[in-house]
Amino acid sequence: MKRFGAILLSLVRSGFRGLQSSPVTSAVAVLTISVALVLGGGFALLVSNMGGVLERFGEELQVVAYLEDGLEPDEARALADSVRTVEGVAAVALVTKDEALRRFRETTGGGALLEGLDQNPLPASVEVRLIEARRTPEGLAVVVSALSGLPGVSELAHGQEWVEGYARFVALVRTTAVGLGIVLGIAALMIVANTIRLAVYAREDEIEIMALVGASRSFVRIPFLIEGTVQGAVGGGLALLLLYTGYLLALPQLEYGLELVLGNVTPHFFGASGALTVVAAGSGLGLLGSATALVGARSGS
Amino acid sequence: MKRFGAILLSLVRSGFRGLQSSPVTSAVAVLTISVALVLGGGFALLVSNMGGVLERFGEELQVVAYLEDGLEPDEARALADSVRTVEGVAAVALVTKDEALRRFRETTGGGALLEGLDQNPLPASVEVRLIEARRTPEGLAVVVSALSGLPGVSELAHGQEWVEGYARFVALVRTTAVGLGIVLGIAALMIVANTIRLAVYAREDEIEIMALVGASRSFVRIPFLIEGTVQGAVGGGLALLLLYTGYLLALPQLEYGLELVLGNVTPHFFGASGALTVVAAGSGLGLLGSATALVGARSGS
Amino acid sequence: MSGWERHASSGAFGDGAVRTYHVSKSYIAGTFALHDLTLEVKKGEFVFLTGSSGAGKTTLLKLLFAAERPSEGQILVLGRNIARLRESAIPALRRRIGVVFQDFKLLNRLTIEDNVAVSLEVVGTPRREARARAFRLLKQVGLQHRRYHHPLSLSGGEQQRVAIARALVNEPEILLADEPTGNLDPELTIEIMDLISSASTRGTTVIVATHDHNVLERYGKRTIHLEGGRLAEDTPATGAEP
Amino acid sequence: MSGWERHASSGAFGDGAVRTYHVSKSYIAGTFALHDLTLEVKKGEFVFLTGSSGAGKTTLLKLLFAAERPSEGQILVLGRNIARLRESAIPALRRRIGVVFQDFKLLNRLTIEDNVAVSLEVVGTPRREARARAFRLLKQVGLQHRRYHHPLSLSGGEQQRVAIARALVNEPEILLADEPTGNLDPELTIEIMDLISSASTRGTTVIVATHDHNVLERYGKRTIHLEGGRLAEDTPATGAEP
């Protein structure tokens, strides 16, 4: 037991001694890990912020149920209420004939077009927003079929095309994000593994000598793994710092642009768990990097 | 002269000998450079493809000059011709009253709305597209003021807001692209420099010994620079290969999505000069990386 | 099972610390660094290994602590058959053998005290104890005042003495020393050789490769002479203990 | 300008290849690896450097080829003042000096022929010629058959001989050899020392640090003895040429 404790202590100590006694190499590894994580983390941040934007896009999606012309306001309101209970419906807004006319005037600018008419030709309608899960062609079809069965509804406009476009856009963004994420992840892992591999190579003599004085495989290797993990964690912390600095610097610019283009989506940074994930990813990269680096190292026996 | 030639030859030879005699380290460096370039090159590719998309967006921008109601078709055509000569105008299309009515029917679906009218209330118009340089709020103002002076034009609709939104969107995309490009470039440079630095560290003994047997600074260093440049070029070639493979694999997916969302923009890969740029960037990175790596190396004197 | 192996497993080797049986080692096809070498070193014996440059002394020592495997033949060290030793069993064997390498093989990033202590730490000796014992050994080779320095700031002879201290610190059952006094002056050579021979009197089996005729004469131990990888002469001890 | 420097620039040193004037070297504050050393070695002279482990032999040699700078004092080598030599002038000086390092310092990634040839290539000797001359030197140290091998596959003594070949190949004006026969048996030692002394008869100034009393006696050259960094004895040649 005492022996085991002594060995453990000695392993941890020599892991940290490694960091200390080759500061330049360690710094280089830490820097590389942090650069890799800035790229990966920045990308994750972008995707997570884009999620909000997509979300807003999706909120634009609605089904409009035009009401029969003879319907009384009370009946229309009752209909709107019954629509609210349909599964997949998130929000319902009633647009009366007058409201429709007002909107038409607004959008066509002036509305001189309808001036000569003696009565309002525009129908009342119920605008239906869908819950997120239904914002797919299939989900939409379910809601539409439920709505079309309701009495008082004369016609449904549901922008099938728009939904398909939206669904494909979301799928495209997701696929791209996942694809790029995988590429970035592999790139980060390879870069980190390469860096640590070179650092280990520079110390191959050391590994060999340790083996020659009777150190077991794990006694030689564990300090390198500890070293890699610590470097990774430090690199993760540094990446977080860099990302946050970049975020603060970029925010004014981005907010201005995003607001104009996409409305008032507020950009957000990593929360505590996200930040922890970055550091953990760093440690993981460092550990994995040193582990893969050691596979190729000559063992001295 | 003979002496100089011998030295030059010996430098180049030992540059290549370095690559040969440390194949693992070289492979690691090449791989890292290519990973960095895949990221950077992929980003460049994305931006250049996005350029096409933005271009298409911009083409949507037009100024509509509504014509006075009494204008004869001949007069309208003459006016359209005179608009064509205005500076900043790229294309002009005449929309007659009949055409306007047809379009209205199409877009409102049925056009029951105008059924009861005895005469066509819609004005003829001239649609004006701008050259790219004028697709800014300022450029637009110049064209608009030129158009508003023309006789026969009753009103101008020029989507000032749309233009502002577009201009800001383009600016945002450009800023983001440049920002990300700089970050990626720096990241690539740092990663490559770090990798090569570690590779040089592993051979510091060699550098020291060379100095001790009387090699001049450049005699010791130039082989490393050659080695770095060659590694960079190979890494660039590999990156190009990886990018092209990725492009071919991603194309079916992207085309499908892009077409739906953005219309028929055809994605494109690097041309010959772009490809050359990637390889050159690799060589440059390798050279710069080894140059910065050598700054820190101990010289043995 | 060959006759030799039956012998080995039945303990017929008695108190042999090291036995080689028709051992050959060839690094480059067609040439032999060692050729058909059969010899025995008993427990506690002190043996010199001589032979000109390239005769195979270092190769023989490398085979004994499993840094190389024999191309042919069998080697028994402390009861274990080197030719068949599993990779994972090597560290345990090496911990029972102290080695002074011809090129020292010190860890440049550690202090010399840590260099000596590392032999103890690999077997789990607590750090305090390891350092105390390392200090004692450094004192015996006259380097206690340099204990916090790093190997690269030591002179050649000083580094060699650190290597000797490291080999002796865990009181190994076998000591293999490859040219351990090549960088030492005659006075220090005697001091160090006395240190080694005192380990021998405490029961350690010692094999010292050396070129130094003065040492050979002074200690008058059994001397194995190699020539071109073959056993050329095996001179028994003269008993001329100094 | 000190009196010494005025002497130096006026050529009053005559044919001194090496002169040191009150030279001290301190690596660690308060301790001296060399202390107030003043000596002269004439052109073509053959000098042995002795002293126990840590006496400062290697340090003195390092100062002479500008691998270290003196802490105090002036050093004149081939007419150049080491203490004031510009960094960029060092390579040119080193090309006129051959050095056998105590730890060999071979380039492990090159063949031994390339290791020897590198001394020539740094001054721009065409490769063919460099290799031909390297081959000749390797033959003189008995290693021509190993010329395409790498240093790590050579025995200690073989590596040492490669280091000697490299130091001699460009016919240096000064040869500094640090324990050049520490890994060689007595017969080879004589061969190699004969090689070195034949370079000396061709005009090379030679300084050899050694512990080997047999060598000192056999060649009977001037011997500078260091003790704790100080000049303890400077014995002139006995003229007992072998």
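All chains are identified by letter, namely A, B, C and D, in their written order; residue positions are counted from 1 within each chain.
Convention: a residue touches a chain if its C-beta (ideal position, glycine included) is under 8 Å from a C-beta of that chain, and two chains touch if they have at least 3 such contacts.
Since we're looking at a predicted model, the values are computed, not measured.
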item: Mutual neighbours - chains that touch chain C and chain D alike; value: none
item: Least step count from chain B to chain C, where 1 means the two chains touch; value: 2
item: Maximum centroid distance from chain B, chain identifier (CA atoms); value: C
item: Centroid spacing, where centroids are CA-atom means, of chain A and chain B in whole angstrom; value: 24
item: Distance from the mean Cα position of chain C to that of chain A, given in whole angstrom; value: 62
item: Chain A and chain D: spacing of chain centres that average the CA atoms, whole Å; value: 67
item: Chain D, residues touching no fewer than two other chains; value: none
item: Topology of the chain contact graph, where touching chains are joined (line, ring, star, complete, other); value: ring
item: Pairwise chain contacts under the document criterion; value: A-B, A-C, B-D, C-D
item: Chain C residues touching chain A - in the complex, by the definition given at the top; value: 65-67, 87-88, 90-95, 97, 99, 101, 105-107, 109-110, 118-119, 121-127, 166
item: Sites on chain B touched by chain A in the complex; value: 24-25, 28-29, 31-32, 35-36, 38-39, 42, 112-114, 116-117, 121-122, 164-165, 168-169, 171-172, 175-176, 179, 183-184, 187, 190-191, 194-195, 197-199, 201-202, 246, 250, 253-254, 256-258, 260-261, 296
item: Residue numbers on chain D that touch chain C, as the complex places them; value: 27-28, 50-54, 58, 102-103, 153-158, 160-161, 178-179, 182-189, 211, 213-214
item: Interface residues, chain A side, partner chain C - complex; value: 2-4, 6-7, 9-10, 13, 17-18, 21-22, 203, 206, 208-217, 219, 300-301
